[in-house]
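There are two complexes below, and they share chain A, which is joined by chain B in the first and by chain C in the second.
Entry: the complex of A and B
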């Protein structure tokens, strides 16, 4: 594998390759982007390209350096990831100690810090001087999914490379080429953060069935009947707590389809197969109530991340969606 | 040697290079030229404003072989050794990595040795906020009375984490975020020196993204150079920062102003397809709206004038809205930005925000004005005149309040505006008489007791309760209560003699005096109230004036109340 083969991040790869060609490689990068878009992979390939004996702007995959880095045996390439929940100050001190020895000739040492946002405050601060003025040839790569959790002082010392989420259309295309069902893969692509994630979802059991179930539930919610509450118990909770987030994401996407339909947009719907249900359901919503409902879903999804009873959260969400804005507002100002 | 980042190459080497911090550099220079420098300094301020650089320059200035002078010569042996950090007597300590009490004890032990090559030993303690509490305390004595030959310079981004005992022992200098024009000028200098051709708009975009930190700006410039060789233009900067050009944003905003949600969403779809991030897009929209708001509110401001006057579409866009409308747009966008930080679907959030803006829901209530381009005050006046006309047409014919269908406006709480006695011709004699005597206190009392009334009525006759529960007490006098209904059938049934008497009975029992029930349609009530508000505002103004005059002389009022013989004035 080389930089060229990183899937779907042409812009970032272009930038790095141009840097390699002109010799303008900074000593600290921050790779930020959602899960599964190829940050770590790119970092690994950058380390290879920097040390490759043959290629200048990309890794050759054949020389001894490339192979050693691929196998994780190169002494000049270090990888740090959280020890338990966080990256501790001792881990950072260990890096600094390792980098205080002089490097082998011509080598560019690379330090990759995965989940850099998980650094403790002490660890992050002790990295500051090290990042600002490295003593030898080195490139530090901070990898994070949550840029906002990094210290501003750290961010200002790095060149920031943003890894955009892969566009769902491309993932769907790719999945289709791999022989999955095109309509379902479209849904999975919208749901997932990256290619691997989407493929994983396609392989889950009964993914299509789940979509069907969610759409039926949405119909019940839209009709305002209390059956929707019964379905929470009988249909939705049955899928298991770990899949509830998927359920809510599906519902959100479905509502987005309805919104597009109401607005009269041309865009191809995510749920292509259910055009009949879409037409029927969208006539029951107003645009305002749809956006309120989507807010309710996002709220519910956030609450589910905490230690709460799932049924209560879902039932409340259904009530808010059915009651429209009034319910949602009355929650915020009880008096 | 490998490539060195621009911000390391261009680290300021003299005080005059240190831009945007004149209040610090001037003080330090004066102190140096008079030889009055202190033994401990504390430099604090946000990232990339020159704290560490200032500390190093200071170390050079006091030790320069041709000094001490206001500026280091950067030429002599001492200066050049300090620049490449090879002078033993200038110690730069990373307090974040060496934060324990042991390291500080070690430092304290070494402080007493005299410098070997130059006049002063300078300790630069960077990121000092990370020292442990014990370490801080171990430093206190040394910091207060160090040997003659020692200068401490503490640098930190978070001065509030230092104990006050440390702060009080230092001369404190606060560095500011670097102003945009200063930063722009500096970037021009650097580009010229590096032989880089750069557009003004490109550098302006860099400065915008840097947010007051010079290091951020130079990192970004570096990145742009890696992206596009020796010539940089705005599109390269935007590609690197992931921002959107103002033109595209303008298109987007225009379709929002036209309330064309479908087009706006299509535009967003295209932008995201190109690899832009939803989060970034919201931030750029916020910046643009902010500029438009400033342009509208303070058109003579230099900063915005320079940026926005080039294109007349901005003038057009800003004039399409009002200050209030931009306020509410900004509110919605900022709320969305907050949510995006932790939500899993930034794209959907963005789309929802745009749809909301196009809809003009309560949170952006004044976007109606955006589309019609009228002043909100004018619009409100128009509405009121319309209401008045409607009312006149209605009441001149029939006297009784008819239950004409009208848009359901939720009535603003009457408590805020206790139905004022109006000098206008009455819409209906009973209602008007009623309002003459109505008072806020009565209403307050009725409202408090209302749930009680309902439950008593329920005990007496459950069907009456079912009708009455749809009503809402909106005004009250000593012996009557006005209840507004949204639906005529509720009102009519409540008005039936049998039902009415039950309710009145209950009310008399609860309020302790005989009470009369008066009913009204809430739509009529709203209209009536709106029209009486006009006269009320004029009355109010008059009243408040006379009131304030009265209040101005409390003695006079006391005399009025109690009579002259009861009052004794003591100064």
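Entry: the complex of A and C
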């Protein structure tokens, strides 16, 4: 793979290629953007392009340098990622130690720091001088999902490249070209931040089944029956704690479809396959209750991140959604 | 690739290159040993990217055939396991066959190992050094130069070039300088070098040098040293040693070496070493290992050391003292290391003042020098 083949980041790639062509590559970059949009991949390709024997503005993918970097066998390309929760000062020192040796001729050494925001303050501070005054030809690439968690002193030493989130339509399109089921792809694309993430979801078993379950549950909530509470226990919690967030995201997307339907918008629904359920369920909601319901879901989603029992959060959410606006006053959650 | 090799020669070569192979590297291929065989014999390479050792097992040694080559080729084998296997093989010779997928079969008498090899193309290339910046010296001399300076390098990684030994050459004289900014050691020697070869700022990492010292341990004869912008190569019999150089400019050390002294002391090395060693017993648990010397009259040096918790020691060493009386405090450990590195029965010490560095030299030679910065005491 090469820079040209990085999916959906034309702007960033153009910028880097222009830099490579004119020889004006910064000594430190900060790649910032949500998960799964291709930051690490772009960094890897940049490292290859910088050291490639054949191509100047892109990696040829065939020469020995490109191959070595691809297989992680190039001592000049170093990758650092958090050791446990954080990137420790010793890891940063180890890089600097490697850089006290003079470089091989005609090589540009590349350091990639993944999750750069996880650097401890000490680690980040020990990196400052190194970033500012490179002793030899090098490019540092700091990769982060959370730009503002980086120390401002680090941030100001890097050229910032933002990786925008990919639009769900493009991801869905791409997945379709890869041969996945187009309707499910659309849902996965809306849930995921990037192509890899979406592809991962498509490859999960029972993704379509999960959608089915959520829609059925939503029907129960809409009908106001206490079945919905039972389903929390029997259907939803069974999917596993780590998938609850996906469940809530799906529910939110579904409610958005319902809202679009009620408002009579022309927008293409995310859940295309379930038009029958959509028609049936949307007739049971009012616009106000839908928006309140969506609020409740977002609240629950946030609470799940905290140290709370999932069942309690979900049951409360169902009650709020069924009780309508009256109970939703307690939206100012205690968390 | 297919050949047969004598096991003892292979064991020997593998144990040499294994010294360079590190298990804790982030680069997977460097945990391996590269083997390539051609008409000259078998070449084994081990590297941790900072230093690289290459050993050749020649086809013939003393008219005895060691390697019988059928087809040439190369492969990278996992280092640790490969060296263990080779050591434990039963037979006198090893048949070695590698297929296109780098699957390697090692056969020796009844035992047959199948190892998964790696692509040798992925192994870092050794730099091609031009031989124009080259000099030669006896291996023994190089070893003793390393021993006499290597101990003085800084052990703190943050000190950059001070973790290495500076190599300089001008008009056929090779100089090694090492310092950690509290003490300095310098050794000079005449080597066989082209007249016009002049090298100013080559800094070889201390770690590489201590490794080199070990590898040269059983080498006699001469070695060639080739310098390039970023590498140094030492060539001995059937062995190549590469080390990367440290980046940066070594500070000018000539300015800190005093030319003349106020007080000069001539002492017997062994007596002094023992007395300092004794004095250090009291102070070694303290902070800086401080001992104090007082030059009294013309024939004694008083060695004193005290520690609040332990007690004190006082001892007199016979010496020839020339110049002012003075007392000076310094780190006994530095003195011990310097005295152990001096290969001379008598030494000369030049003092320039209580607060300024002093110089230890062999009494009969000019080529070695150790400088120690004193400690300020109350």
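The rule we apply is simple: the second predicted complex is superposed on the first by the 318 of 335 C-alpha atoms of A that agree within 3 Å, B and C clash if a C-alpha of one lies under 4 Å from a C-alpha of the other, contacts with A are read in each partner's own complex, and residues count from 1 in each chain.
Operating definition for what follows: a contact is a pair of C-beta atoms (placed from the backbone, for glycine too) under 8 Å apart; a residue touches a chain by one contact, two chains touch by 3 or more.
Note that the coordinates shown come from a computational prediction; the quantities given were computed from them, not determined experimentally.
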Please determine, from the superposition on chain A, whether chain B and chain C clash or fit. fit
Mind working out whether A:93 is in touch with chain B, chain C, both or neither, as first, second, both or neither? both
With the two structures laid over each other on chain A, which partner does A:18 touch: chain B (first), chain C (second), both, or neither? first
Return first, second, both or neither, reflecting whether A:64 touches chain B, chain C, both chains, or no partner chain. second
Quick check for you: in the superposed arrangement, does A:82 touch first (chain B), second (chain C), both or neither? neither
Looking at the overlay, does A:323 come into contact with chain B only (first), chain C only (second), both, or neither? neither
Using the touch definition from the top, say if A:301 reaches chain B (first), chain C (second), both or neither. first
Is A:55 in contact with chain B, with chain C, with both, or with neither (first, second, both, neither)? neither
Looking at chain A, does chain B or chain C touch a larger number of its residues? B
Min C-alpha distance chain B to chain C after superposition on A, in Å, is 8
Chain A residues where the chain B and chain C footprints coincide 93, 96
Under the touch definition given earlier, write down the residues of chain A that touch chain C in their complex. 64, 67-68, 71-75, 78-79, 93, 96-97, 99-105, 135-136
What part of chain A is in contact with chain B in the complex they form? 11, 14-15, 18-19, 22-27, 89, 92-93, 96, 108, 121-122, 125-130, 132-133, 137, 148, 152-153, 155-160, 162, 164-165, 167, 169, 249, 252-253, 256, 259-260, 263-267, 287-288, 291, 294-295, 298, 301-302
Where on chain C is chain A touching in the complex? 26-30, 49-50, 121-124, 127, 157-158, 160-161, 163, 205, 229-230, 244-248
Chain A partner, complex, touching residues on chain B are 1-3, 5, 8, 46-48, 94, 96-97, 99, 126-127, 129-130, 157, 213, 215-216, 219-220, 222-223, 225-227, 229, 239-240, 242, 261-262, 265-266, 269, 272-273, 275-277, 280, 339, 341-345, 348-349, 351-352, 355-356, 359, 361
